[in-house]
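I've put the structures underneath this note.
Look at the two complexes coming up: subunit A is in both, with subunit B in one and subunit C in the other.
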Partner chain A sequence: MNEQAIKELLYTLADNQLVLGHRNSEWTGIGPILEEDIAFSSMAQDKLGHSLAFYALLYELGESDPDTLAFMRNPSQFHCCQLVELPIGEYDFSLIRHFLYDHAEAIRFEYLTQAGYEPLAKVATKLRGELKYHLLHANTMVKQLGNATAESINRLQQSLNDAFPYALGMFESSPYEAELASAGIFPLESQIQTQWLENIRKVLAQTQLQLPDLESVMPVFGGRRGVHSEYLQPLLDEMAEVYNLDPNTEW
Partner chain B sequence: MMLTSLDPRVNRLQVPAEWPDLPVKNQLDQWATYEVFAQKRENTAYAYVGPVHAPDLEVAFLFAKEQYSRRVACFGLWVVKTQAIQHTPYVNDNELVWGMINIPAAIRPAEPQQPFEIFILKKRGKAHTHAGMVMASDYPAALAVAKEQFGDQAPCVNVWVMPAAQVFKSAEEDKDLWLTLSEKKYREPVAYKVLDKINAFKTRTISNP
Partner chain C sequence: MWTQEEILVLLEKVKDPEIPVLSLLDLGVITQVQVTPENKVVVNMTPTFSGCPAMDYMRKSVEETLAAAGVQEFKVQMSFDKPWNTNKITPNGRKVLQAFGLAPPPVYQVIPDLDILEHTTCPYCHSTNTTLRTPFGPTLCRAMHYCNNCRQMFEQFKPL
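Up next is the complex of A and B:
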């Protein structure tokens, strides 16, 4: 099997979790209510933990160690989608992004637990429970605020409209995906997207929110091949600020 | 003038240094309180861990999960609105609360029965622990049945009664929700062994100011 294909998949999974984990951590101390501050912070911690697990698999395949991968790469070497790079905005945007992202991630993890690449399947099985909670959190809060007041519904709808083209960008195909699919390692992105749409529609149907018309939306692709928004570089600078003071220090 | 802070996240929020007069919003309803019970070891009785504030039962469950399962072992949570709980008076540690419970003059078994969960407190300052479930038509009847079934349990200084239908219980198939990863030591404060470093730093700076 092509090792390059596995590595590309691992980088995509890990970078998405790392960057969104960092974004979610920005709510620590400034969340709209204490409970959500805590929830976003602890989900951020989970996501960083997941990225570490994937970077560790890459290390076993001969890539650099996790710290170097996380802190020392340029934006063009990151495979994350642009959705996860966007600033946290206001709480409504962060919540909608969390909802759109974790629905996709939960589907990915379900497939990963059955992946025909055992180290990956093992990691996914161990982490799946946390994803389940992230999904429960997103669904509960979207249902709550998507039915609450005119302000909460309008804000979430606006954020949904803004985030949706980027969310479709989560399903950017890779040159290796046909190979991975035929090897029984990971399905095609288009297949994940179809399931994702079905799942988010089920939740949104229980709210006052409308999913934007798929036909009228241009997905924002590029992230997976290293083409990123203007927001990634400042995020990486900030994330690596302490590390770069002395990369050789022992923690 | 924008608020400036050493924390770059605060600067990014573009918060005004001084707040203008904000329009007064309508007073929203207060959130209700919910009581949370956790199973700390597999196949043991659920015990009271504390309250949460939430707009409804589902959100209460989320907040409870965050607050009461993240840093301690947990295998399941029950959440119930505080208002749905009725309780006996408290007695002192050397007394028995069961003696204060009167059997209602007429127990009417013909009335529709429903399950009630019974929690008992063995010692003041400890946590209420699940004793079992009883079938009854209302709270006083449930307490009477509880006395029959659990009255031999001593010590007991207080009893809580709640309709089982109002208790939100985590599902068996969601067991993996509670698996916290053993390698995530960085979540625990004990993982940060920094005192040596702080002391070394102090010694260094004090000797070489």
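Up next is the complex of A and C:
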């Protein structure tokens, strides 16, 4: 088995969770209502926990320790998709991003529990239970607000249109994916995308929201190979700043 | 020589920092206690929720408890080998949670569907006429419900 292929997959998983976890944590204290404030903070904590678990697997494969991986790399060394880097925007944008992202993540984790690489399968088995609650939250809120007032529907629709090209960027292929797929470790991104579209369509069909036309949308790729938006560097600076205040803090 | 039983008695005193009536043994996060022929105590633990900030605290409490009891040589290790889920909470743990005012998680057979969050028994009046308000509570392990019978919010240790 190609270790480089496993590492690239782990970096992608970990970096996505880390960066979105940090974005979600920005809602702490400013959520539109207390329950949402708590929800985003809790999901942030889970996602940071997940990234740590994946970085720990990388460490076992000879990479740097989790803190160094999380806080000491340059943007070009990050494998996250651009969707997770974008600023939190208004609540409707963060909700839509959370909905689009966690539906993909849930599918990934289901496959990971079957991964022919045991350490990863174990971690995924452990973490998928938590993800289920993220999905429940996203579906509940999207169904609620996607059927509420004209304003909430319009706002969500606009955010969906804005986020969708970036969401398609979550399924950027890697040079290793064919190898991982044939080794029974992880399926092709295109397969995950197909399932994802099916799943989000089911939820959106219960709302007044329309999925943008796939044909007319250009996916924003690049993140997985280190090409990022202008928003990643400031976010990493901010994360590192907190870390550098006291590198020995346990969190 | 220490025996496994003696160590278990010591560990019974270590509680969950967020639910101070619940011991780590009843929570089910201590997966194995061994005493080696060299009299070294090895305790395996597994995390509840991966991002739970209390886990490190729990590990330290176990270490402090062992040290305070005079255990000379010990090792407390965290692993995902036997992943935790809420079925691992003991019957006694469930009783203790209920008495603490926190609805215990239901025991499930197959991988839990989210439907099991509906109609959670209210820990105050025992009604099942309740509604899930949000799966995210004040700590990672709690969900918030509303009891339509006694008309108050209550928390549940949510199934995982």
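Everything below uses one rule, namely that the second predicted complex is superposed on the first by the 244 of 251 C-alpha atoms of A that agree within 3 Å, B and C clash if a C-alpha of one lies under 4 Å from a C-alpha of the other, contacts with A are read in each partner's own complex, and residues count from 1 in each chain.
Keep this in mind: a contact is a pair of C-beta atoms (placed from the backbone, for glycine too) under 8 Å apart; a residue touches a chain by one contact, two chains touch by 3 or more.
Values in this document were obtained by computation on a predicted structure and should not be read as measured data.
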{"item": "Side-by-side fit of subunit B and subunit C on subunit A, or clash", "value": "clash"}
{"item": "First, second, both or neither for A:87, with subunit B first and subunit C second", "value": "first"}
{"item": "Subunit B versus subunit C as contact partner of A:238, first or second or both or neither", "value": "first"}
{"item": "First (subunit B), second (subunit C), both or neither touched by A:38", "value": "both"}
{"item": "Which superposed partner A:49 touches (first subunit B, second subunit C, both, neither)", "value": "both"}
{"item": "First (subunit B), second (subunit C), both or neither touched by A:122", "value": "second"}
{"item": "Contacts of A:162 with subunit B and subunit C, given as first, second, both or neither", "value": "neither"}
{"item": "Touching partner for A:137 - first (subunit B), second (subunit C), both, neither", "value": "both"}
{"item": "First, second, both or neither for A:26, with subunit B first and subunit C second", "value": "first"}
{"item": "Region of subunit C that runs into subunit B when the structures are aligned on their shared chain, from 5-13, 59-67 or 131-139", "value": "131-139"}
{"item": "Subunit B and subunit C footprints on subunit A, overlapping residues", "value": "35, 38-39, 42, 45, 49, 126-127, 129-130, 132-133, 136-137"}
{"item": "Subunit C residues within the subunit A interface of the complex", "value": "47, 49-53, 56, 80-81, 83-85, 112, 114, 117, 133-138, 140, 143-144, 158, 160"}
{"item": "Contact set on subunit A toward subunit C in their complex", "value": "35, 38-39, 41-43, 45-50, 52-53, 122-123, 125-127, 129-130, 132-133, 136-137, 250-251"}
{"item": "Subunit A residues touching subunit B - in the complex, by the definition given at the top", "value": "26, 29-30, 35, 38-39, 42, 45, 49, 87, 126-130, 132-133, 136-137, 140-141, 143-144, 238"}
{"item": "Complex contacts: residues of subunit B adjacent to subunit A", "value": "7-10, 12-13, 52, 54-56, 58-59, 61-63, 65-67, 70, 174, 176-179, 181, 184, 186-187"}
